[in-house]
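Should a chain be cited, it is by its letter among A, B, C and D, assigned in written order, with residues numbered from 1 in that chain.
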Amino acid sequence: MTRRIVIDPITRLEGHGKIEIRLDSEGQVDRAFFQIPDFKGFEKFCEGRAAEEMPTLTQKICGVCPTAHHIASVKALDALFRVEPTAAAKIIRELMHTAFIYEDHLLHFFYLGGPDLLVGSNDKGFGKNIFGVIGKLGGKIGKKVIEIRKRVRGLNALISGSPLYPVCGLPGGVSKPVSEKERAGIKEIAGDALAFARLCLNIFEEEVLSNREYVDLMHSEAFSLQTYYMGMVDRKNHVSFYDGEVRIVGPDGGLFEQFGAGDYLHHLEERVDTWSYMKTPYLKSIGYHGLCDGKGSGLYRVGPLARLNAAEGMATPLAQQEYERMFDACGGKPVHNTLVYHWARLIEVLFAAERMSEIACHDQLTDPGIRNIPTQTPQEGVGICEAPRGTLIHHYETDENAILKRLNLLVATQNNAGAISLSVEKAARAFIKRGRVSDEILNRIEMAYRAYDPCMACATH
Amino acid sequence: MHGFEPKIILFLCNWCSYEGADAAGRGGKEFPSRNLREIRVMCSGRVDPRFVLEAFRIGADGVLILGCAPGDCHYKTGNIEALKRIPLLERILQQNGIKNDRIRFDFVSAGDGEKFARVTGEMVKLLKRLGPFDHA
Amino acid sequence: MPDKPKIALYWCSSCGGCEESVIDLSEGLLELAERADIVFWPVALDSRLKDLEALDDGEIDLSLINGAIRLREQARMAQLLRRKSKVIFAHGTCAHLGGIVGLGNFHTVQEILERSFRDVPTVRNLGGILPGGSVEGSERGPKLSPLIDKVMALDQVIDVDCFIPGCPPPPELVGKAVWSVLEGKLPEKGFVFGDGKALCHTCPLLESKPEIIRVKRFKRVHETDWDPGKCFLPQGIICLGPATRGGCGSRCIQANMPCRGCFGPLETMEDHGAGMLSFIASMIDADHEDEIRRITASIPDPGGLFYRYSLPHSILGGGKGTET
Amino acid sequence: MPQRIGVYICECGPNIKDAVDMDNLLEDAREHKDVVLVRSFGFLCSPDGKEFLKKDIQAHKLSRVVIAGCSPKENEQTFRDVLKNAGLNPFLLQIANIREQCAWVIQEKSDATEKAGELIRGAINRVRLHEPLEIKTIECCADVLVVGAGVAGISTALAVARKNRKVYLIEKEPCIGGRVAGHEDLYPDMVCASCLIESQLDAILHHNDIEVLTLTEMVEVRGYLGNFMVNVRQKARFVDMEACIGCGACFEVCPVTVPMPFMGGMAGRKAIYIPYSGALPNVALIDGENCLRFQGELCHFCLESCPFGAIRYEETERVRVLKVGAVVVATGFGSFDPQKDVRYGYGKAENIITSLEFEQLVNSNGPTEGKILLTNGRPPRNIAFVHCVGSRTEKFNDYCSGVCCLYTLKHAHQARLQLPEAGICQFHSDLCLPGKDAQRFYRKVLKEDGIEFFRMLRPDTIEIRKGTGSILITHTDTQGELERNEFDMVVLATAMESGVETEGIAGILDVKLGENGFFQEADAGLDPVSTVREGIFMAGCAQGPKDIPSSVAQGHAAAGRIMGKLAPGEPLALEPMVCEIDPEICSGCLVCISLCAFKAIALEDDEPEVSINQAMCRGCGVCAAACPSGAISAGHFSTGAIFSELRGLMG
């Protein structure tokens, strides 16, 4: 009789999930299923909707990365209406998107996945959660986390209408300009954000990298997958969140494929399982060969570590330094260990803070010209950007009256579906021997997916 | 659909179409009164869209709103306000899976029993062709 | 000192936005953790189903459930929480009215599954298998909870005490709701937090709204520009403000975009579409049928716009979607 | 306290009894909730039927009544009175129309019974949610607003004003008297116009029940008979009417002369002026367009020169709301503009004038102090009077104004008195001489004054051209021959048309105009002084062309109609089934305001909510169906009651 171990529900992530581990007669792990019991059907019920409503409609796919959907959607509308956004609009959109990624990454490090690293197994008396983290790191840092996230989300509320659901995106621009007075506020917040970002890397240094237990995990085979890596890069092949081309590197780090938004269909495909509402994408040119890694498997990964692997560096100096420090510490590019996502994430926090400061000083930020009214008849458009959790693709087809006929969504975490399932199964096999299970072991297995900062509402949309 | 007897909710305005209905009754006109369920309102403009939606929810196969002819409305423009709601109501019904032929707005003057009979007859014939639709 | 009141927070068919509205309590969240004992909150704590089942019936003083009911499992969790809780709040528009996922009610479950798992251009699914379906030869994974026929709001599945509207509800509103229970000031059954009046009441642009509005064509936000200092409606742009409960601080209007009705209609107008319909129709500047039809046709998707957040709670609820 | 509903099924003799299965119906009705009594009766509308009903209501202490029988349009009021007499609020009744809309139409007995049952079930469900309504009454306002202070308006005002019936007489000009005040003599007895009207104007100005508002026009009218609210706007006069005695001291010092083009000549007046000498009220006014103060200059000569300190530069336009019971439109007539027809040469040559301009010439208070002069200042040697200018042709006005022939004869007589030697001719195609004294006047003028009459083939077979040093008239005589004559003055008797603002006033009053542009009578034959809207009357040329005695007669007629309808102090029942806005829910979104055809809904000045004026609301409920917040309840047709009836009908 095969014994089943169920983790229900999985916690400290966005969305629903269940892990079912089946042991064989000797108590070894036969199979581990990472099941997502949640599904809404945006790809159907958005049919018949007005195209211009999509940025505020699709953003409700996910409450933790709505700005990303808003950006990808409004870029899809730019393509659909074949209208070029004004310079000011692009900058405002990038500022909004970068600020959002900054505070959303912090959400993961302090509230969701991070507590596994910050509250060690020997820190008795503290739960592996935000309250435990604040207990352990102290109220001062706790207050700072809360404060900086509140202020950065306040900045986004100022620009886009809401701390969570931006509404200002329009094809060819945005609905509200940034005033000179607001620029001063943005500069100040960006500065404080940068200071806190550096503090986070110090915390990571002191609390995680100096903790033997984790450094071993970060080098252990249990958490390592030799997969392809995909992420958006700018013209200089630096990590880019808002715009650029999608670059894929192989497990050996060599360039595999690179494509613009419109060509995504030639590169990506997805398959369906009966036991989960999450579809599993894979590289089309390689095909799906089961839950396995290596050059021959089509599985690929997205998100912070994948972006840093796929790109050739960071676009800002401080982040570039940390980028080099990380790869040196982990033995060169590409890094395959899933737990290093946490480190890469903090480097992206630093990059975001630096980019916010750059944008705050950009002279066209406060330019009143924030919209080009589209004039072309809409047909089809694809918009891509990097959500905190990975590459996000919106593909719309409309009739000539800009009413949605069909749409296709490939949403961030979903790209990691195969990798997450594989990570969970690999961790289970590594830690569960002869049927012996403990809470600590189960949490180790959960750390295998938490590192990705998964968002299941996105993955199944 | 043989044997199917559609149920129609009729909103009649006190000054014109209700009189038209009475005139048809008094005048011995031929019309499918059995399929009709009349509700009197002071003006066709009083018909709240919720009444129409609720009628379909609880089993009506069709809704007919009859107001005064343009210019004859006892409240001047009540009938025009009612007419202005119809196209939008049709599209909302359509998106809720209800064919927009199942709702109709028309003008029936006070003594016009003949038109009342014709309009209700046409509606019943159309609904018999459409057949019942299950109301979720 | 009597033990602290127990609070649970759960999400059904949700996006996590309501969780963010709790996290956005910022310092308030720490005070909450002081004042009360959060016994079940999967997004932030390692709370398991068995922990919830282990509690006595009615042991939880207040449960905030967000998200609509789309899967059978979510209905079961709602019923379980109902049994375990003295007070249930529907937290956010999905739980209150069905939310955006409720738009699924314009289609059948089969249509939704087929589109996502068979027809989208990136899917390769030669066998045409669907989640929840069983197929020989493919792995027999764990049982998957199926979708229920129609998305339902929380109070269509369990008895709900009060409602916190908004997508997402502003953190202050969530705080006010939670503290009303902690301080023993639970409002009367069925109370909806937020304003008792429609958004116009607090809208900064109300002064610029004329008493008579007549338009020859409705304009869509992408094809036109507008005066940011003036009410949208006389400029021909549809704003759901007049038919939508206030209490959001006109956050979209402040970003120079029209209201999309996320706080839902007032209790006295139980159908958002009906509430919108008559007032939009009254703006039509025509009295002949074909001119009225021409102007109405300039509204691209009335059903999708008026019922964006409340289709499951509407009178027709999305209908069967079969006849047309 | 649960409802106690009584259901009564009227047999209506054979009409219902034979068409339906009465026992089945009675039995079904008993099963409904709250129904305590179900009975049938032969003829409920008969006296003993009503008595039976009344006793039942009292005996069984019924709280609601459903009557299944004939159409509510037949006996709803009858049965409401029965409830009232039985001590039950008359609105707690619902009638199921199982005769016209069931028994009389459905042949199959079982079908008829089924439908009757459904209609009764609907009525029971609905009556359960009916609320008692009080028929509120307000003091019917007997005051009257008269628009236009011409001879018709003045007659109405004087006839109707008395102690408890105030009259507001509003006039858009600075002075009252209208056209008649501008005349010299009146046919047929050449009575002096000002002597005739002087006493009346005086009576008006000193009548303590008549308030005269000059420079005033109507802006908005709401309400109905016995209960009108009229917004009127009074332009600023810049002179205090109490203080100014019209001494004219300010005229001399005023530096601005405003040209008054008249007959090509340049009669002028100052920026501060009295329209014509003898004008009443004899008070000056400042012409806002031309006075230097309103062009930014600090001129104040008139202020300094006024011995009575009557000058008020700071005065501004004022809007007042007058509460009246009836409105009388006496806005007079306009004249056909001869320039519209090039054949009359008006404006192309000097000394071609209209009869109104000729009236100013002979007027002793006029610019020429009554002397008939050409533009070059000399008296004319040959005058031609042309009839039917713009009248009796399809092109312009196809009607005959009925007064031009007579006043043209008067003008000819006046000309003869002044110019014994002058050649005076009349060009006409017919002569319209109605009335008992007209023929006598015609023969007198023909005999004594030696007037030459040229008869034309048709009213418009005439050409008036600028000749060499004179005016050439070519006309086609009755034989069809062309004839040419030369004159040095031509007077055109232009048609009477509806005033230029008539359309605007009709819009404000919401009354219809006839095809010829005058106000439409409710009934041309039997009710010539009522418009199509109850409570709005008319008098004088606003209703159509007529002479002065007829205008006066219509003034008195309108006064009579009003006194017949509005007795001061009489209670006026308000519409009981009115709508109400719940201030707790109303968001002030203003949607309902544009829906109310009776302008009964308004935004209170200080509160953000909107409220319905119960006295204006007619209870149509259009606003209740459109309120996006569901904040408006419609009396007797509440949303809840109709929902309940709907569910009852569908079973």
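In the analysis below, a contact is a pair of C-beta atoms (placed from the backbone, for glycine too) under 8 Å apart; a residue touches a chain by one contact, two chains touch by 3 or more.
Because the structure is predicted, anything quoted here is derived from the model rather than measured.
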| item | value |
| --- | --- |
| Fewest hops from subunit B to subunit D - one hop per pair of touching chains | 1 |
| Chain whose Cα centroid lies nearest the overall Cα centroid | C |
| Chain of greatest Cα-centre distance to subunit B | A |
| Cα-centroid distance, subunit A relative to subunit C, in whole angstrom | 25 |
| For subunit B paired with subunit C, centre-to-centre distance based on mean C-alpha positions, whole Å | 34 |
| Rounded Å distance, subunit C centre to subunit D centre (Cα mean) | 54 |
| Subunit A and subunit D: spacing of chain centres that average the CA atoms, whole Å | 74 |
| Residue numbers of subunit D (touch at least two other chains) | 595, 625-626 |
| Touching two or more other chains - residues of subunit A | 48 |
| Sites on subunit C at which at least two other chains make contact | 106, 270, 278, 281-282, 301, 304 |
| Complete list of chain pairs which touch one another | A-C, B-C, B-D, C-D |
| Footprint of subunit A on subunit C - complex, ascending | 11, 13-21, 23-24, 26-27, 29-30, 33, 42-49, 70-71, 73, 99-101, 103-104, 106-107, 111-113, 115-117, 120-125, 129-135, 138-145, 147, 167-168, 220-225, 228, 251-252, 254-257, 260, 300-301, 304-305, 308 |
| Residues on subunit A engaged by subunit C in the complex (per definition of touch) | 6-9, 11-16, 18, 20, 31, 33, 35, 37-41, 43-53, 56-57, 60-64, 66, 77, 81, 107, 111-112, 127-131, 134, 142-143, 146-147, 149-150, 153, 157, 159-168, 170-172, 175-176, 264-265, 268-277, 279, 281, 371, 373-374, 395, 401-403, 408, 410, 443, 455, 457 |
| Of subunit C, residues touching subunit D in the complex | 196-201, 206, 209-214, 241-243, 246, 265-266, 268-270, 275-276, 278-279, 281-282 |
| Residues of subunit C that touch subunit B when the two form their complex | 106, 150, 270-271, 273-274, 277-278, 280-282, 284, 286-287, 289, 292-293, 296-297, 299, 301-304, 306, 314-324 |
| In the complex, subunit B residues that touch subunit C | 48-50, 53-54, 56-57, 70, 77, 80-81, 83-89, 91-100, 133-134, 136 |
